[in-house]
Amino acid sequence: MPELTTILFYIFAFITVGFAIIVVSTKNVMYSAVSLFMSLFGIAALFLLLRADFLALTQVMVYIGGILVLLIFGIMLTTKITDAEIKTNNLSYIPAAFFTTGIFVILIFVLYTTKWNQKTPIQNEETISQIGKALLSSYVLPFEIASIVLLVALVGAIMFSRKK
Amino acid sequence: MITLAELVNAVPLLIIAIAAILTLLITTFFKKSTDVVFAVTIISLFAAIFFYFGDLEKDALIFTESLRINMVSIMFSVIALTAVFISVLSAKSYIEKEEINFGEYYSLSLFATLGMLVMIHSANLIVLFIGLELMSICFFVLTGFLRKRVKSNEGALKYFLLGAFMTGFLLFGISLIYGTSGTLDFIKMLQNQSLVKQPLFLIGVALFSIGFFFKMGIFPFHMWVPDVYEGAPTSVTGLMSTAGKIAAVGTLAPFIVNTNVTSLKVIFSVLAVLTMLFGNVIALSQVNIKRLLAFSSIASAGYILVGITAMNEFSVKGVAFYLFAYTFMQLGAFILVSVIEKPSDSSNDYKGVNLDDYKGLASKNPSLAVLLTIFLFSLGGIPPFAGFWGKYYLFYAAIKSELVWLSVIAILLSIISIYYYLKIIVYMWFSKESGNEVEIVVPPFASIALYIAAGLTILFGLFPNLFFVMFKTVLK
Amino acid sequence: MVELNYYLGLSSILFAIGVIGVLVRRNAIIIFMSIELMFNSINLSLISFSSFLGDVTGQILVFFIIAVAAAEAAIGLAIIIALFRNKGTVNIDEINILKW
C-alpha cells in the first residue's frame, strides 16, 4: 500500500502535466488561460507536499490571483472572443521537437545518474518564519531591489499606455 | 546589521538609486522639467564615476555579503557608467527630435544602470538575478519607448518574449547549480573544487551562461539583436549595445574565468568562431546602418568570447580593455546615426538610417565624416585607434592559453569586417550626394558626447597603458 | 516518501512542455503563458532542492522569481496591448515589419 503523499504526488503531477499540455496545444487562447490556472494550482499543491507552505500561498495569490487575471484581461483586450478563429500555423514543429527532446533526454539521464547529497528533510516546520528572517537579514538588498523592479514595471506599463 | 562603513562603500550605487527615484519624482510633480531631470542624471552619473575612484575599500563584501566590491567589479562598473554617461548626454537632442522628451527616459536609464551595477557587484545568484531583471525590464520599456511607432513596439515585443524565454534557461541553470552545490553564493561555490567535476554542475553553468550569451548576442542566441537594435530608438540602441553588454560580460567573465574547465572551453571556442563568422558575413549585405552595426556588434561579442575562452589571468583585463574601447567607438557610431537620422512623420519607420543616406556626407559636413571615419576604423581594428589594442589584448590572452588557432580565425574574420566599414567610409568620402538634402545640424550635447568619444578613442589608441594605470591594482 | 528524482523529472517534463510551447505557438499571449510554465517548472525544482537539502535559500530565490514574473507580466501585457493598438494583431507571424 503506497503512502498517502505518494498518491497525492501522482495525482497533482498528473493534473499539472495534463493541463500544461493543454496550455500549449489548444487552439483557443481562453482555454489555454484556464488550463494554465489548473496547472499552476497543481504546482501550488506540489509546493505544499514539499512543505513550502508560504510559497504555495504566494503561488496562489500572486500567480493565480494576479498574473493570470492580468493575462485574461490581456486576452480580452486583444482578441475578439466571439469569433474563436485564432490562427496557429505550426512552422517549427520538427526543430522544436528535436531541440526539446535533446535537452530533455540529456537532463533526465544526468538527473538519474547523479548522486544527490540529500539530508532528510525536516518535517512539520513552518518555512514562513525562516523566509521572513532571511529576507530581512541576509537578503534585505535583493528585497529592496525587488521593490524597485516592481516600481519600474509600474512606470513602464504607464509609459506604454499614455496618450501623448 | 548594515554599518556606516558599508554604506560608504556603496556610495556610487546609492547615488544612482537616489537619482533615479528623484528624477521620477521631479517628472511627476513638475511639468516641463526635463532639462532639470537631464542635469540631475548627468551629475549623478558623473558623481558615481568620481566616487568609484575615491576611497573605496578595495576588497569588501557588503550588505550581509550581497555585494562584492573588488577591483574587477569596480573596473567593469566604471566602464558601464561611462557608457551610460555618454549615451545619456547624447540622448537629449534625440528624444526631443522624436518627440518623446519625457523625464521617464532618464529615470529608466538610471534604473537600468542600477541594475547593471548590482549585477556586476553581485556576490550571490539571487542578487545577480534581481539586478539582471531590473536591467532587462528597463530595456524592454526603453526599446518600446517610441510607442506610436510599430517598429519600436515590435522590437520591444521580440526583446521581451525572447528575453523572458532565455531568463528561463538562466534560471534552470541556477537551479541546477543550486542543487549540486547546495549554495547560491559565488565564493562558497568557487571554494568547492570538486564541483567542477560534476557533469550536472557544468550543465548548470552552461545554461546559466546561455542567459548571458543572449544578452551579449552570441550565436545562436543572437536572433533578437538586429531586430531589436533596428526597432529601438537609436539612442537606446547605443545604450543597450554598450552598457548592456558590459554588464553581462562583467558579471559572467570573472565567474567563468575562475572555473577554467576544458569542456566549457571547447564549447565556448566553437560558439566564438560561429559568432564572429555569422556577424561579419551577414553584415556584408546590410543596407540599413542600424542593422549593420547590430551585426558588427554580434561579431564584437564573438571577439569578447575569444578573450573569455582563454580563461587565464589576461582574459579579464583584455575583455575589460576591449569593452572600454568598444564603448567609445560603438557608442560614437550610434550617436552619429542618431544625429543624421531625420525625424519621421510616418509612424512606422526610421528615416535616414540607410547606407545611401551617408553618400556625400563629407561634402555636407566634413567634421561628422571625420568622426565617423575614426569610429569605423577603430571598430575595424586599425591602429592607432583604441579598437586595435582591444583586439590585441583579447587575442593575446587566447594565444597565452595555447588557443593560437582561435586567434588566427579571429584575426582573419576581423579582416573581413574591414570591408563593410570601408564601404561606409567610401560612401561618405567618394560618392556623389544622392539628392537635395537638408543640412545636418549637430546639437550641442550630442557634439560634446561625440568629441569625448572620439578623443578617448584616439587617446587610448595612442596610450593603451593609460587604462591599466587607471586600474593599476588589477595588474600585478 | 517521494524521492527527489521524481520531482526533478516532473520539473523537467514541465520545462520541456514550456519550451515546446514557446517554439511552436505563434500567438504572443500563448508564448507568454508557456514562459510562465517554464518559470513554474524552475520554481518546482528549486523548491524540491531546497526541501531535500534542508536549506531555505532556494525558497527565497523562488520568492524573487515570483515577484519578477509579476513585474514581467505587467510589462509584457502592456507591450502586447500597445502593439495591438497600433497593428491590430498579436500573431507573431503577422508582426513582420522587422524580419523575425
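Going in written order, the chains are labelled A, B and C, and every chain counts its residues from 1.
Just so we're on the same page, a residue touches a chain if its C-beta (ideal position, glycine included) is under 8 Å from a C-beta of that chain, and two chains touch if they have at least 3 such contacts.
Bear in mind the structure is a predicted one, so any value in this text is a computation, not a measurement.
Engineer: Kindly work out which chain lies most centrally, taking the average of its C-alpha atoms as its position.
Structural biologist: Most central by this criterion: B.
Engineer: Which pair, B-C or A-C, has more C-beta contacts?
Structural biologist: Higher contact count goes to A-C.
Engineer: Counting only Cα atoms for the centres, state how far chain A is from chain B in Å.
Structural biologist: Inter-chain centre distance comes to 32 Å.
Engineer: Express in whole angstrom the distance between the two chain centres, defined as the mean CA positions of chain B and chain C.
Structural biologist: 26
Engineer: Where the centres are mean C-alpha positions, what is the separation of chain A from chain C, in Å?
Structural biologist: Chain centres of chain A and chain C, defined by C-alpha means, are spaced 6 Å apart.
Engineer: Two or more other chains touching the same residue: where does that happen in chain C?
Structural biologist: Those would be 8, 18-19, 32, 50, 53, 57, 60, 64, 68, 71-72, 75, 79-80, 82.
Engineer: What residues in chain A touch two or more of the other chains?
Structural biologist: Each of 107, 111, 116-117, 139, 142, 146, 149, 152-153, 156, 159-160 in chain A touches at least two other chains.
Engineer: Which positions in chain B touch two or more other chains at once?
Structural biologist: Chain B, residues with two or more chain partners: 126, 130, 133, 137, 140-141, 144, 147, 179, 182.
Engineer: Of all residues in chain B, which touch chain C in the complex?
Structural biologist: Residues of chain B touching chain C: 125-126, 129-130, 133, 137, 140-141, 144, 147-151, 153-158, 160-161, 164-165, 168, 171-172, 174-175, 178-179, 182-184, 223, 226-227, 230-231, 347-348.
Engineer: Can you list the chain A residues touching chain B in their complex?
Structural biologist: Residues in contact with chain B: 106-107, 110-111, 114, 116-117, 137-142, 145-146, 148-149, 151-153, 155-156, 159-160.
Engineer: How about chain A: which of its residues touch chain C in the complex?
Structural biologist: Residue positions touching the partner: 3, 5-6, 9, 13, 16-17, 20-21, 23-24, 29, 32-33, 36, 39-40, 43, 46-47, 49-52, 54-55, 58-59, 62-63, 66-67, 70-71, 73-75, 77-79, 86-93, 95-97, 99-101, 103-104, 107-108, 111-112, 116-122, 127, 130-131, 134-135, 139, 142, 146, 149-150, 152-154, 156-157, 159-161.
Engineer: Using the touch definition from the top, list the residues of chain C that touch chain A in their complex.
Structural biologist: 1-2, 4-10, 12-14, 16-21, 23-27, 29-30, 32-34, 36-37, 40, 43-44, 47-48, 50-54, 56-57, 59-60, 62-64, 66-75, 77-82, 84, 90-91, 93
Engineer: Flag every residue of chain C that touches chain B in the complex, lowest number first.
Structural biologist: Residue list for chain C touching chain B: 8, 15, 18-19, 22, 28, 31-32, 35, 38-39, 41-42, 45-46, 49-50, 53, 55, 57-58, 60-61, 64-65, 68, 71-72, 75-76, 79-80, 82-83, 86-87, 92, 95, 97-100.
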